[in-house]
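Pasting a structure here, questions to come.
Chains: A, B, C, D, E and F, in written order; residue numbering restarts at 1 for each.
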Amino acid sequence: MQLQLQTWQEVEAYLQTSRGIILPIGSTEQHGPNGLIGTDAICAEVIARGVGEAAAALVAPTITVGMAQHHLGFAGSMTLRPSTLIAVLKDMVESLVRHGFERFYFLNGHGGNIATLTAAFSEIYATRSLGAASNLPSIKCRLKNWWQNQEVHDLAKGLYGNAEGSHATPSEVSVTQFAYPEAIKSALLEPPVAPWGDFADAADYRRKFPDGRIGSNPGLATPEAGRRLYDAAVAAITKDYRSWVHA
Amino acid sequence: MQLQLQTWQEVEAYLQTSRGIILPIGSTEQHGPNGLIGTDAICAEVIARGVGEAAAALVAPTITVGMAQHHLGFAGSMTLRPSTLIAVLKDMVESLVRHGFERFYFLNGHGGNIATLTAAFSEIYATRSLGAASNLPSIKCRLKNWWQNQEVHDLAKGLYGNAEGSHATPSEVSVTQFAYPEAIKSALLEPPVAPWGDFADAADYRRKFPDGRIGSNPGLATPEAGRRLYDAAVAAITKDYRSWVHA
Amino acid sequence: MQLQLQTWQEVEAYLQTSRGIILPIGSTEQHGPNGLIGTDAICAEVIARGVGEAAAALVAPTITVGMAQHHLGFAGSMTLRPSTLIAVLKDMVESLVRHGFERFYFLNGHGGNIATLTAAFSEIYATRSLGAASNLPSIKCRLKNWWQNQEVHDLAKGLYGNAEGSHATPSEVSVTQFAYPEAIKSALLEPPVAPWGDFADAADYRRKFPDGRIGSNPGLATPEAGRRLYDAAVAAITKDYRSWVHA
Amino acid sequence: MQLQLQTWQEVEAYLQTSRGIILPIGSTEQHGPNGLIGTDAICAEVIARGVGEAAAALVAPTITVGMAQHHLGFAGSMTLRPSTLIAVLKDMVESLVRHGFERFYFLNGHGGNIATLTAAFSEIYATRSLGAASNLPSIKCRLKNWWQNQEVHDLAKGLYGNAEGSHATPSEVSVTQFAYPEAIKSALLEPPVAPWGDFADAADYRRKFPDGRIGSNPGLATPEAGRRLYDAAVAAITKDYRSWVHA
Amino acid sequence: MQLQLQTWQEVEAYLQTSRGIILPIGSTEQHGPNGLIGTDAICAEVIARGVGEAAAALVAPTITVGMAQHHLGFAGSMTLRPSTLIAVLKDMVESLVRHGFERFYFLNGHGGNIATLTAAFSEIYATRSLGAASNLPSIKCRLKNWWQNQEVHDLAKGLYGNAEGSHATPSEVSVTQFAYPEAIKSALLEPPVAPWGDFADAADYRRKFPDGRIGSNPGLATPEAGRRLYDAAVAAITKDYRSWVHA
Amino acid sequence: MQLQLQTWQEVEAYLQTSRGIILPIGSTEQHGPNGLIGTDAICAEVIARGVGEAAAALVAPTITVGMAQHHLGFAGSMTLRPSTLIAVLKDMVESLVRHGFERFYFLNGHGGNIATLTAAFSEIYATRSLGAASNLPSIKCRLKNWWQNQEVHDLAKGLYGNAEGSHATPSEVSVTQFAYPEAIKSALLEPPVAPWGDFADAADYRRKFPDGRIGSNPGLATPEAGRRLYDAAVAAITKDYRSWVHA
């Protein structure tokens, strides 16, 4: 149930049955030589839509540009500054609060969004917390990374072991290959498994990870694995959403 | 050529041939009883992708939430404050400037975005204009509404005459029916042609336009008309983009 | 009735009869070799005062510095960033709302202000639209360019035809010559009618319009024409203000 | 030499001889039963223009709305938040720096502006101070209250003694009567000399100073005194400006 | 080596030997019936100073008010909004960059700061990442929670097991008892071990955790345990700082 | 009574007896060759604590980094931009208002903070002043420099006469020597009494005051004088606080 494909009366009817909404958030950033720039947004979007179907939950339009300053050394990457992304999230949540939504489930596809998303939740809550006599409705936000559940974790480990890495992983590339089989890319990956390390700004990142990958071998990605990961993620997250939204 | 479906090396190669990029921007807001909440984003997105194919131009991910404060009286509508949207546009353009992009063609699906987009361009330019000795590259932004060309204008007039109206128009609803035939809605429209008028905030808007439409009869929309409007828009805008990006 | 020349008790009495106020807004920017830097502010101010007299309406102090980043390549031009101007307009309107004003009629002298002014209105409305249970009073803002009415349009066309142009026009220079006859300047204009075109930042503007004018021949300006344009503008705008403020 | 009455070429020529500019700043706020709402802006403006003539210095357009939150309990008063006014001053100074101005002499008519103006100077300087390798030109801002010089102080004391007070003073009302004799107001002032005290927000101010005055008897104001005060201020400030701008 | 107790020449000399600095950051918030409001700031400060001595590293003044919106239901708690804290951290780091510092080690005492601190690092890096031709020096920020190392973890587990909890823990209360033995409080804790759970805004937090603790029994705290935890933390963090600052 | 050393229940009890709180604010900036970088924060903190004891008043944690952009030419100095410091002060006050505090007594140790603090008060008040129907509680902020009272003034004059100067004064250095005798520094001061002058940004400051001092000879500082100054300040300010908080 994509919000974008509803009429306002349909949303009004939905609000009679639920106060929850799923908001996919990804990123627009390099994912190595064979990963798509939209990888994180695609993963978040397709899994969110799967969960939306399974849980009869509304799914907001995907936030496609996230916090990715460290990837700006690679062409095509885009970022919002953390302060900008906080303002965006605040406006989006406040818009939906206006209609009666009270549970905001952010389905995230990008590790680099985690801190800013969490800070944004506090920025939103702070408006309520700083006003003692406030009569604003009580709301809750939840951040859920699509890969953070036992099912996906076990599956990825079984499929790729240490070659999973932490950026441009074979798991996320697989999910995009499942979602967009027409956009599967092949590229020489040298070395097959990329180096590990930490990073600061974009120049530092590029210096340490010359082709953009961290610790991963996305050459192992397949659309079949993508389908399995997608199924596992949808099942696990549907369960999590259902128990949370009704709590 | 969706940016999201490229690798960073492909973008690097693209930049050898062009410094331009198309950025679709829409809105998430009510479009009357039979119009989709995502109408403006859908129109901007599908037409932008059509132009991208025709002109071999990169298309950035769609900005789906725009400036729509006046629609917040209807469930499901979302807005960014103008100041937030300006910050978003500035970060997006500055990200792309980092890679060498210099021509930013915003393909817009929502009248309510026009002022803020135009102000954002000035905010971006002001950074350059205020710095006398700046060595920042020269850039240009262009705002193009998908319906503002002779071809689309004539076609819409021929199809709908005065029933086109200005919000939740049969033209834009047609384009979404063409793009998402599985999401065609039927609804009683009473009166068939909605009232005209101006508006201020969301309460004022809802008071004057009780079902959300302005001056339109979107009951006349058909997917066939949508296809014709799409074709006309893609042709006209491709021509405009090509002549602008090479100027 | 200039606000600046009233006492607070006089304003209190005024509010018993009207909730409207006129706010002139101009710019401080080059207007070619014989146009004054204050042209836009002067035109807005003198016409606003004329309307204020004719309509017995309060006139706020003129906002003299507007959005003029593109003129910064010429000495003496000043700009507020769009985000700054939005903040200014929000504070000004909120101050007046405190006293009971509800209708804000911005009489504008500068095309470059239009987008930012319109965005500012939405920023102001958004505070109301995002708060469902708000008990803020209902307000309305209107943007009126002094030259956008049939009377002034016809007069300017009759006087200058195609030599009117779009920046440093003989019409606006005439109005300033009528208002400040002691500051009439003469300068060689070469070519007599300036080139047309679009522009981005200040460097781009200066490159294309070396003496600052766009499409105009302000050498045709006269104080007599200024008086006629002033009279036409005051008459047309007074009518517009009266019908709007009482609607 | 009002900036608004110059052409850009005249400003360019001026910059060959001086890097200084005078920026009058006032306020739009109640000044008691017989004082004008524009008192502070009027005083700053007329004295600035006097100094501009005497010192052959450019005078920027007056900043008419200042920081006056404490006066909002009285109709017609307007304020910018300190954070907004800081942004305005930063944009104005940066605009002028672009052209080569380096000395910014703010001629102030309102005590309530002092803190924010001073903070704005630091905000402007901080951009330079935080950038070690900056090649921005060296600039200086100066804040000068028109009444803070021996000449004006002695004259006001001689004329009004303790009835001068600190808000809606007979001195400032006199200057406006000299400047706008057509707008001289008469009103019963009871008690003749208003009470003294401190204040916090607008409600607190109104509670303590029911007719808006603090410690003053502006019933003693005369246009003749205004002329003498104006002359004294122009003389003293011209001297100050000249010695500062050349230092 | 507290920065506050140095002269500027001593700092200049220090910069000849190291580019690193430790910045303790805590919070000002309730810590249950027997925990101090300053617990997080005190822990971060005393441990930072211990590390500073051991590693001959400069220690900046403690940031005592952090992000604690969720604690505002309890008297004395203070918060900065995330957006404010980001601005503070940016200004502090940029100030120190001016002098040549390049490694910023934030020693954190409050879980609620983690997201905002991490977002602030990205905000700081983004200035560099968005500017392709930038010649700003390369910098790195590190966030280190004082309790996140094997030594402290094992010690706390051995001392308190499951009664450690996650807010107002016996470990952190012990460290403050060691640091301020004169401020040891006793209070009835009922139940001895507080409930677990998640939370959103301040009202939600207070509803779920009526005396402020989460999952902990701080009645088990002792100054002796505090000394052991302090020693363990200083040893572990000194090692971490040394290896990081020289990397 | 340091807030940091209380429990939340103790603060709740305190609020039954008083609505006032003391907030020390200093700076982190060079204080010449023998003055500590923390001088201003140390003076404000120790005197605030003395007043807190004498007046049984709560003392908030010290704001250690203030507005010191002009000192950034000297290693170790840190600044918040005025706009950042205003946001910090607003959040801090609003946090405390939530609990019932209504009187905010800022005990200041740094002249450079005065303008920004005063502007911040207006920023805080403006939220109330701009909302006519507001039901926010009435609050008051007071700024008190520790040296601005007859007792300290006379004592400093008696001890140091003209060698007191205005930055890195023997008085403030004495107070820090009294507070931190282990950190007394000796340095050659040449000339013994530093030059006077005004300043703009950090480069300008350093040019004019090569060792950081203004007009002072801090070589005359002694811990004994520090104790006397401390005693005088505590006595004078306790009296001021008491009479103000109960007014």
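Just so it is clear, a contact is a pair of C-beta atoms (placed from the backbone, for glycine too) under 8 Å apart; a residue touches a chain by one contact, two chains touch by 3 or more.
None of these values were measured; they are calculated from a predicted model.
Chemist: Along the shortest chain of touching chains, how many steps lie between chain B and chain E?
Modeler: 1
Chemist: How short can a path of touching chains from chain B to chain F be, counted in steps?
Modeler: Step count on the best path from chain B to chain F: 2.
Chemist: Which one, D-F, B-D or B-E, has the same contacts as B-C for more than half of its contact pairs?
Modeler: From the options D-F, B-D or B-E, the copy of B-C is D-F.
Chemist: If I average the CA coordinates per chain, which chain comes out farthest from chain B?
Modeler: F
Chemist: Report the chain whose mean Cα position is at the greatest distance from that of chain E.
Modeler: Centre of mass proxy via C-alpha means gives C as farthest from chain E.
Chemist: How many Å are there between the centre of chain A and the centre of chain E, using C-alpha atoms for each centre?
Modeler: Roughly 29 Å separates the two chain centres.
Chemist: Need the CA-centroid distance for the pair chain C / chain D, whole Å please.
Modeler: 24
Chemist: If you average the CA atoms of chain D and of chain E, how many Å lie between those two points?
Modeler: 46
Chemist: Would you mind pulling out the distance in Å between where the CA atoms of chain A average out and where those of chain D do?
Modeler: Between these chains, centre-to-centre, one finds 53 Å.
Chemist: Find every residue in chain A that makes contact with two or more other chains and list them.
Modeler: Correct list: 72, 79, 81, 83, 91, 95, 98, 129-130.
Chemist: Which of the chains touch, listed as pairs?
Modeler: A-B, A-C, A-E, A-F, B-C, B-D, B-E, C-D, C-F, D-E, D-F, E-F
Chemist: Over in the complex, which chain F residues touch chain D? Could you list them?
Modeler: Chain F residues touching chain D: 67, 69-70, 72-73, 79, 81-83, 86, 112, 114-123, 125-126, 128-130, 138-141, 200-204.
Chemist: Going by the contact rule set out above, which residues of chain E touch chain F in the complex?
Modeler: So the residues of chain E in touch with chain F come to 2-12, 15, 28, 30-38, 41-42, 60-62, 64-65, 72, 74-81, 83-84, 87-88, 90-92, 95-96, 98-100, 180, 183, 185, 187, 212.
Chemist: Which residues of chain A touch chain F once you look at their complex with the stated criterion?
Modeler: Interface residues on the chain A side: 129-133.
Chemist: Where on chain D is chain B touching in the complex?
Modeler: Touching chain B: residues 91, 94-95, 97-99, 135 of chain D.
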